[in-house]
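Both complexes shown next keep chain A, but they swap its partner, so chain B is in the first and chain C is in the second.
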Partner chain A sequence: MNRYLKLVHMEIHRFRWILIAMMGITAIFQFSGLIWTLKKAMAQFEEQKIQGSDTRKYFDSVPDTLTFEWAMSNTQMWFILPVLLCIAVLSLYVFFIWYRDWMGRHTFIYRLLMLPTARHNLFLAKITALLLFVLSIVAFQLVMLPVQELVLKLVVPAELRSESHIVDVININQALVELIPRQFEQFFYIYGLGTIAVLMLFTAILLERSYQRMGILYGILYLAGCVLVVAAPFLYFGLDSSIIPLYPMEIYVLVLLLFFVVAGVSVWLGSRLLAKKITV
Partner chain B sequence: MIEVKEIRKRYRRRNVLNGVSFTAAKGEITCLIGTNGAGKSTVLKAIMGLTPVSGGTIHIDGQTLMPELYEKISFVPDHLTMPAGMKLSDALRFMADFYDSWNEKRADELMKFFRLEHAVKIGSLSKGTAAKFSLVLGLGQDSDYLLLDEPFSGIDLFSREAITEVFTSDLIQHRGVLLTTHEIGDMEHLIDKAVLLKDGVVSQSFHCEEMRSEEGKSVIDVMREVYRA
Partner chain C sequence: MRRYWFSIALLLLSVSGIGTYYFVGILNHLPKFQIETVQGNAKEGAAVVLSGSYYGDMRSEFLEVSVKGSKYYKEKGNFRTDILQANSWFYENLEMQQLLKDHKTFMRGKDNVGGFYRDDEIVIYADLSTTTRNTNAPHAKLQLSFLDEESEKVVRFKSIALGYSDDIYAIEDVQRVENEAHILFRKYSNQKTYELVYVFDLKTGKQLRQVDVSSQANERKGQDVQLTKIQNKSLNNANDTIFFVGSTGDGEDRKVFYYSYSYLTGILTEREEPLWEGRFVVYGLQNELIYYAEIDPHVVTLSVYNTETNERKRSYATVTAEQLGVDEIKAAIIESDRAYLYLIDHDDTSGVAVLNLEDGKLLFKGFAAPVSGEELTEEEQQENLHLNNINIVQSLEN
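For the complex of A and B:
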């Protein structure tokens, strides 16, 4: 197998327990939230049936028939909290994926730098692994949705529920609507920009690892420089698009190009630092 | 042959290496000697591309360091360089996965020779056992050159004897070995060439046998002259 793929495999293997734990926590939160909410809704139904009048014991209003969309809109926090936790863990891991190789008595970075493969493969393997972690969590969330719908069908009797469309279910949840893009363009924005941000951070980390104390300053300057480059058209023309002497499509292409430049420079500089400047 | 020419390195406003030059030939054991902070480990790291130098050149068999050369040259640092959570068997598999020059049969023989257990986690190894396992990782490669940084540092007598035994075996014979050590007494009868570092330069470089026969001096005698002067 190609050594780059072996490195990706190794990075996934090292993170597997944290990934499984994040998926486990997400599943526990979401299923318990869903079941608890459905049970409460069912209890309110029962109460309404016995008392023969409206009650607002748990919810202001419960529709005549429950839908997955309704359940999702009433379990927002149960879905958002684990998503935020996953985002926090993965954000910290952007740093830890590098620093863990320098940490402790057994500094693994020695071995990684002495592998008979181009060092840019280390850089690419780490970014690939991070992307795969994000996509696997999103994929896990997608797989859970039909299972959650099945749970709803098991908890709520057929006469008390009606069908809802999966797109409406995703749209109603504030976390899912951001995580699961419905158009390729949106996918490209969310995950593409995220990837570029991680590439910039990787290069800043490698600047710190290569130049130690001065490296922190270089890293911060590099990040500031990248933000400046991307924001350059707006800084130059101003934020009011009506006075920018460019068509909206031209502005879009210009900004897109600048993002590609930042991504390219980050990969090139990061690889060069690994090959020529890194110190253990 | 490993050829180090005029390498320079500045670290924290101090010239650690000030134009170090020497060679280490295949089939010979070359020992890099120096007081604490003389830059011995830095030289080994520079040869392996683990720290950049500000000047000079390093050639291995006439080539500058490139990734493919890591199949030909192995480095045993003064600490084990595998994650603490890995088992020894995982570390051996890692080496087999990444190095074409990995010799599984020899690695197994070495594991038996040092009485190391595959199922043990790296994080739980004592310093001596970790040093032995480091040596397994270094010697398990069919490499032409082996670099060792303080292979005897902080380890017990029996582990030291076991490692010394490796130096007299055919595992080392046809390779070029470059090592640094403080315990020159244990190694003196094994080394072919000594390179003495002082003030960031090579102060003396000689073949031990020639020195003994021509000037009647041991390595320790020469060290006394250089470092007590």
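For the complex of A and C:
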């Protein structure tokens, strides 16, 4: 356990600057977008006050009172772009977290494989670290929202603003609404599914590392097989109980079971490849 | 320990950020409503669900309000509920709930509500499987299952081919007449609709005969009559007679006729008396009785017609908006032995009244109202609540 945690820490340590940079870019983008939009709105308020309400144009008018929800809906791209950037970087790092160990003249994987610990700890440490990166970015976004609301309160005078609920603020943004679902149960499904997808990719990468060129084919076949197993119930019978006679609760349990099977097989196969087949 | 500070900080950020949001942040997002009892027993209003929207600052939320409280659609929906609520219309049917309770194994894989028949001795289930293969063989194949209630013995007859390859069939009713299963189909063929009854032997599953109900109506009128079956409120109980509304012509030339069809004789008979009278009528067919309510924004009149004796009790009960203390009676539903009225009060508040169908006596009256103790004032919440629909969701537990 101790060695596993040390390996997790090592993976986090290796990625820390990229993670901090992503958080920094997200914060800079979102805060500057928010402040720029609010300043623009305030200037428009002034303009409308001078010109009178008759001259208000439909497209550039601002509501009588500003809310954080309104500000979020008018800064969509400022929030979405850094989120997409984080997703892109983390998606690439799913591959890089393994391949970087093989890179360079003195390959790091030599040292990792020589460590006096079970090799499956390497596999588990990488997935844990990656999951922690994702969750910490989501949490960072959640923590930033109250701070951004505070910025709104500093920029907009009290008589020109009204309160918004954080759930409404998240729901109005097209990216955040997908990343931060309204129910914790749905959050568990989305990120659970994501974790299983990464586990599958890890195993496919290790297949490639173990069997070289043929490994690419094995990896692709493995991924296709996993997708088929998980998607089979939906592809084959959907929720039509006349094709396969299962009650809805049984279909739900079956789908969960298949997800766990794919996750379990991926961890087992990945660990086995690391222990027995991997070549450096 | 100091060297691990970044990892620990990351872990703490994740747990506290996500945890705080889901266990504290999302609280008090949307106000709670419920149907508050103004008069009568709340149990009588337990099946009523009013639905509509709650208007937020920039978006509206779909919600359902009942005596138990309110349910926002997006707040409750997730991967699990999406799967569990597939075919919810089937599981919400009271008769299906009873069948599932009594015969869970037999009910496996059966989800066609109109395909069930049940009496004291037997449960019959008919369903269609269709093939999309491009052959000349009939595409529709009937699958029949019989369950003996006492012995729990199940007999299945599979793949009974129906009609020709281009015909499309739908099951409308299943009945038992002694040792025969009578199945009413709606057939679409050559851009025309036909009502057909196929008769099968309960012991062998063999088709015995076929009755063309539509032809009987067409022959008598000398022209094509479009038949539509009147749905009985009990989907699977024994009824020897079923009813149809027939129509000919279009627009101003449209004429409406009422028919009854006897499974015992196989004869379609045109009725001299209409099944119901008046405009803006809702009805509920309960075995031989047709209860109907004529709705006017200010008054609802209940009438009943006995299809066996032709006896009609016109306006045996009348309930006015004034009596109920509301501005408008917007809609009505007749379900089981109750009439449910959807009410609109002075300030656009939605409410419901439940009447005893037999004598029109008011059993329950209630209005959708905010549950107190919320952040916005009750007036503000009421202003944002826009209900516009009534539905009856019964459960065996109620």
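The rule is simple: the second predicted complex is superposed on the first by the 262 of 280 C-alpha atoms of A that agree within 3 Å, B and C clash if a C-alpha of one lies under 4 Å from a C-alpha of the other, contacts with A are read in each partner's own complex, and residues count from 1 in each chain.
As a convention for this text, contacts are C-beta pairs under 8 Å (C-beta built on N, C-alpha and C of every residue); 3 or more make two chains touch, one makes a residue touch a chain.
If you're wondering where the values come from, they're calculated on a predicted model, not measured in any experiment.
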Combined model on chain A where chain B meets chain C, clash or fit: fit
First, second, both or neither for A:Arg3, with chain B first and chain C second: first
Touched partner set for A:Leu115, first chain B, second chain C, both or neither: first
Superposed model, angle subtended at chain A by chain C and chain B (C-alpha, nearest 10 degrees): 140
Contacts of A:Pro248 with chain B and chain C, given as first, second, both or neither: second
Touched partner set for A:Val143, first chain B, second chain C, both or neither: second
Touched chain A residues, chain B compared with chain C: C
Touched partner set for A:Trp70, first chain B, second chain C, both or neither: second
Which of chain B and chain C A:Arg16 touches, first, second, both or neither: second
Per-pair minimum CA distance [chain C against chain B, superposed on A] in Å: 11
Chain A residues contacted in one complex by chain B, in the other by chain C: none
Residue ranges of chain A touching chain B (in the complex, touch as defined): 1, 3, 6, 10, 14, 104-111, 113-119, 276-280
Residues of chain A that touch chain C when the two form their complex: 8-9, 12-13, 16, 19, 67, 69-70, 73, 132-133, 135-136, 138-140, 142-143, 162, 164-168, 171-172, 180-187, 189, 239-242, 244-249, 251-252, 255
Chain A partner contacts - residues on chain C that touch it in the complex: 4, 6-7, 10-11, 13-18, 20-23, 25-26, 28-29, 56-59, 74-80, 83-87, 91, 108-112, 127, 129
Chain B to chain A touching residues, read off their complex: 45, 48-52, 67-71, 74-75, 77, 79-84, 94, 97-100, 122-123
